[in-house]
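In this document, chain identifiers A, B, C and D correspond to the written order of the chains, with residue numbering beginning at 1 in each.
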């Protein structure tokens, strides 16, 4: 989960990382209550990058300017995202700008400290200056000092910059982050430091064990969590805007393999859902059966999806249970539907691929549902693609 | 790694349905499940498996344990693994999905200091068809033979095993290192083990987008592996940036959103390592047959 | 630094350790504002033990009873300590009472978890039931479970009690404690747990690195910290109420050795001061010279002290510096004094024992001050004792 | 422990007055002070000692360091020691007073795992009269000879050395394990080392109230030490309960305020171990002479 800049800076402030005086602007009228003296910088609070180049950061010197600029920013989509909040911040004249980050590295399987003496937008153009320190053992401040030395810092900056890195690492561990980045870290002529922009990514797995972060994540989702398992990021993703096939499977790799096969066979996939494990250790997750039903409902909402390929492999659940779950979904939609003709149902055609024990025992149930039950993956894929090509649009 | 059929195995989190169900399946498969652990359930029996409150009680009563299988909820997995290490267990398979990566960092520091092997988390474990089942692989998809499967997935691994089995090709081992950002064991470690394993004559490596472990594996195969390797990478058509939680975030920061972690990057790596690539699961058996000729 | 029960319980509450509803009573009139329903227990908030037996804990059922009981408690000294605060707490009927603690062990040099299934006042009479678990590696909850198993707990209590031990350990590390104790931990018939009394000792060395604890410690001292180095506990201690000799030395062991020698020679020591190291790494400490002057001032305040034996060994400071520091003190008091006759000065006689380089060079200065400078410790001790016996009372 | 006169020594916290002053005294005494470390002071020179920003830079430039002396402020001592361990240094003397005990617990876990010797904190270190000074002992009180002094104090140790020197008895070593609750090295370790040290013919152990390390030492002397040991315990007349921060808090809880940690308890332990006890510092020389007859 990515935090917005102002949220990241709230955490910085709590940790004692220096940030500028700033104020959250929720609506234009907040500008009049601005307590920071002009000149002020107004910054669009969006999660995507390239905000500056897109016009989402504006420098203003009067209230009239500020209102106009805020109005523009509130209506300016950046990579499709329009801000809910604009951050008003004091202006800062940095003498130099550094880049600092703590990030998880999957290769060394350790957190890594990153630092460059050329931060700001320059960091991308001078990647060779980006220094790394792997935190192989338990963290101690000397790792941070090691980074500053590699960055080429000298004198008082060694301690002041490593002090900030130490605090970033503290945040990284305390809040279970994937990434905490300060870019740029402003350095004044007198050596004073200021975190001018910040990026924080919380690891999705860890959100639930932090009460404060759980709350933030629910606000981002903008609905009470758990309504539909596939509303939450990571369990579903869109492939092709113009696709008409939905894929559901139990396991990320299996779903991706199915997607590749369907696409290779000429099918156009709109949405993929990962049902996850058949049985699970987390009692707050919906049961596998509920997840199948919620997945079918989720795909049914999208009227452009004509065909759903359900691909289940393994020993949990059993084929008969699968028939039951799919049956429940169909029954609900048949009873809602006035037109009982199969050719024009309101829900997508379902192709069930199942591989596991006791496949045969479920064959009869599937036949009763008019849902083809296929054991071969390749065969299921070609049926789904064929069906999708011949389907008329759903009502 | 000690993978003898008579090696002593423990199940932590034995009270979870999935744990006792798979426990009894493993026993039926011949795995020497000695005991289960769940605090508060000492003295009880689950599917014929006696339960204890603490791992050290099991060791005191039964003697040294070779491998423990961890089925506890995600946020308790770190503690369960540390408890096992403190009790002298040096092979740990973490079945539980959802462990926060920093818990794994903590665990790996301890594991490396104590020379403990961690497989997982979020892994179905290891199967040696016909001999030993250490985890949740559905054994019905496997048949004994000489092809080793190394993967990051669960169900996709079974799919591959099934394709091989259907084509009359048996397997020497099926192992998943687990689908999470930070995995205990690596492709490299398993490639090395299977290269040395006399029961294995060819290796199938199954990868997917995210991280850079496939790229590292491809380089390693070119340099150090003598046996034939076939690779299959799922997710060629998956949208960029959606890496199912596998993203190597250092690589993302340093690479700044380049080709890092995509199926394309992995396919290119295997191509340049001259490792035959299967386009789909069903193609794997023929490539294996060709490689073994 | 020992916390009071109510302070310990505030920390317990923050950590999620269950405590009863309670209210701080600062004065009798607070009783009328009691929000906890009767019956209520009133507890004297003193740091010494044996509070219950001394009558410092009273059970009341009405406001009239409560006022009477609070009045009694506010005026009841327990081992010399009168409470500033009384804690009013809901009554709790425990089915069983456990003992739990986390404490630092100097022998294993690790924290140790302690637990007994017989807590309350029984814990002292059944020490053989007190179980220990040494936290040799980094803490993980299994150490806490190990304790509960050793205590003989079964079923759900294993997890619920070890959960509390885990939180106690969290507090222990987070707040740099020497000891955190819950005694008794009440266990209801249904297995519900409640920390009924608690004891927390913060390590004195660590206080300064916790802003919240520093504040508490300043309140306990009841004066702004740092007025006199020897006001703070640990730097000074009283020996004999009727003594008339003060001892100052650089080092705890040296001061104690001097005390033994003086006592063995028949001298009566009132107060000992440890000046600490000659040079130090902590810039917030007063300089060695300032500490000598503050020490002399501290001892001068006590009119029963006739003689001060200053025992300095080592190479920092030099003997001439010592003469200077003592000289400053004498000058200040001579100029304040109208009677310049040495026999009846307002400040104690000083015997200086110094062992180190360049002793001779300071001899002249000491002679000018009429302060004997002695190199032999035994000789300095016998001079001090002789002087103390012959001294008339100071004005 | 490596205590050769030519062993390479580092000073961490070189910018503190006390550090550079003692650094130059140690150099003058013949100790091989190679460098100092202080972050931000790299490239500067303090009392002829070149300074670096990081310990690892010293090792890279000068090669392996045998012993580091830590003079940094109390709350930074843990990090300084961990930095030294990470740079491969296996002998650490912590001069700094005031380290919180839990920092020492943290450090000792790491030190034990890496077989690092920690002397201190709050210790003047080690002196081998005429040969090597690793710390802040005033060398003018010492004279070469064959009596080893092991203590918890600083100035009281010098007092004892002075008494011996005045009586014409030289010392093979003077070491203080440090006056804090949690000490890195123990009386037992030093007793064992001195028992094996061919330059030492008798040992003087100096104790004080608090903790139970003297009691443990007394038992160990009775069981395992062949050379004569003389003990001196200061604080017989010190008021009970005031243990100058040395209190062994586990013992206090378990012992519930009994005789634990008092000078009396320690004196009794040495008596029952039949270790001759000096009543005052000046009595030590005669007891040493008697023991060596």
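Here, contacts are C-beta pairs under 8 Å (C-beta built on N, C-alpha and C of every residue); 3 or more make two chains touch, one makes a residue touch a chain.
These numbers come from a predicted model, not from an experiment.
Asks: For subunit A and subunit C, which third chains touch each of them?
Replies: Neighbours common to subunit A and subunit C are B, D.
Asks: Using the stated contact rule, I'd like to know whether B-C or A-B comes out ahead in C-beta pair count.
Replies: Taking the two pairs in turn, the one with more contacts turns out to be A-B.
Asks: Can you check how far apart subunit A and subunit D are, centre to centre, with Cα atoms defining each centre and the answer in Å?
Replies: Each chain's C-alpha centroid was found; their separation is 56 Å.
Asks: So the centre of each chain is just the mean of its C-alpha atoms; given that, what is the distance between subunit B and subunit D in Å?
Replies: 50
Asks: Measuring from the mean C-alpha position of subunit A to the mean C-alpha position of subunit B, what distance in angstrom results?
Replies: 26
Asks: Using the touch definition from the top, which residues of subunit D touch two or more other chains?
Replies: Residues: none.
Asks: Which subunit A residues touch at least two other chains?
Replies: Expected reply: 137-138.
Asks: Touch graph of the chains shown: is it line, ring, star, complete or other?
Replies: Contact pattern: a closed ring, each chain touching exactly two others.
Asks: Okay, what are all the chain pairs that touch?
Replies: Taking the chains two at a time, the touching pairs are A-B, A-D, B-C, C-D.
Asks: For a test of understanding, state which residues of subunit D touch subunit A in their complex under the given definition.
Replies: Contacts found on subunit D: 39-40, 42, 53-57, 76, 78-80, 82-83, 86, 110.
Asks: Report the residues of subunit A in contact with subunit D in the complex, numbered from low to high.
Replies: Residues 137-138, 140-142, 145-146, 149, 154-159, 162.
Asks: Which stretch or stretches of subunit C touch subunit D in the complex?
Replies: Those in contact with subunit D are residues 101, 103-112, 114, 124, 127, 130, 132, 136-138, 172-173, 176, 178-179, 181, 201, 203-206, 208-209, 234, 237-239, 249-254, 256-257, 259-261, 263-264, 269, 272, 274, 276-277, 279-282, 313-316, 355-357, 377-378.
Asks: Touching residues of subunit D toward subunit C in the complex: what are they?
Replies: 13, 16-18, 21, 71-75, 96-102, 104-105, 108-109, 138, 140-141, 151-159, 162, 179, 181-183, 206, 208-209, 211-213, 216, 234-239, 242, 244-251, 253-254, 256, 279-282
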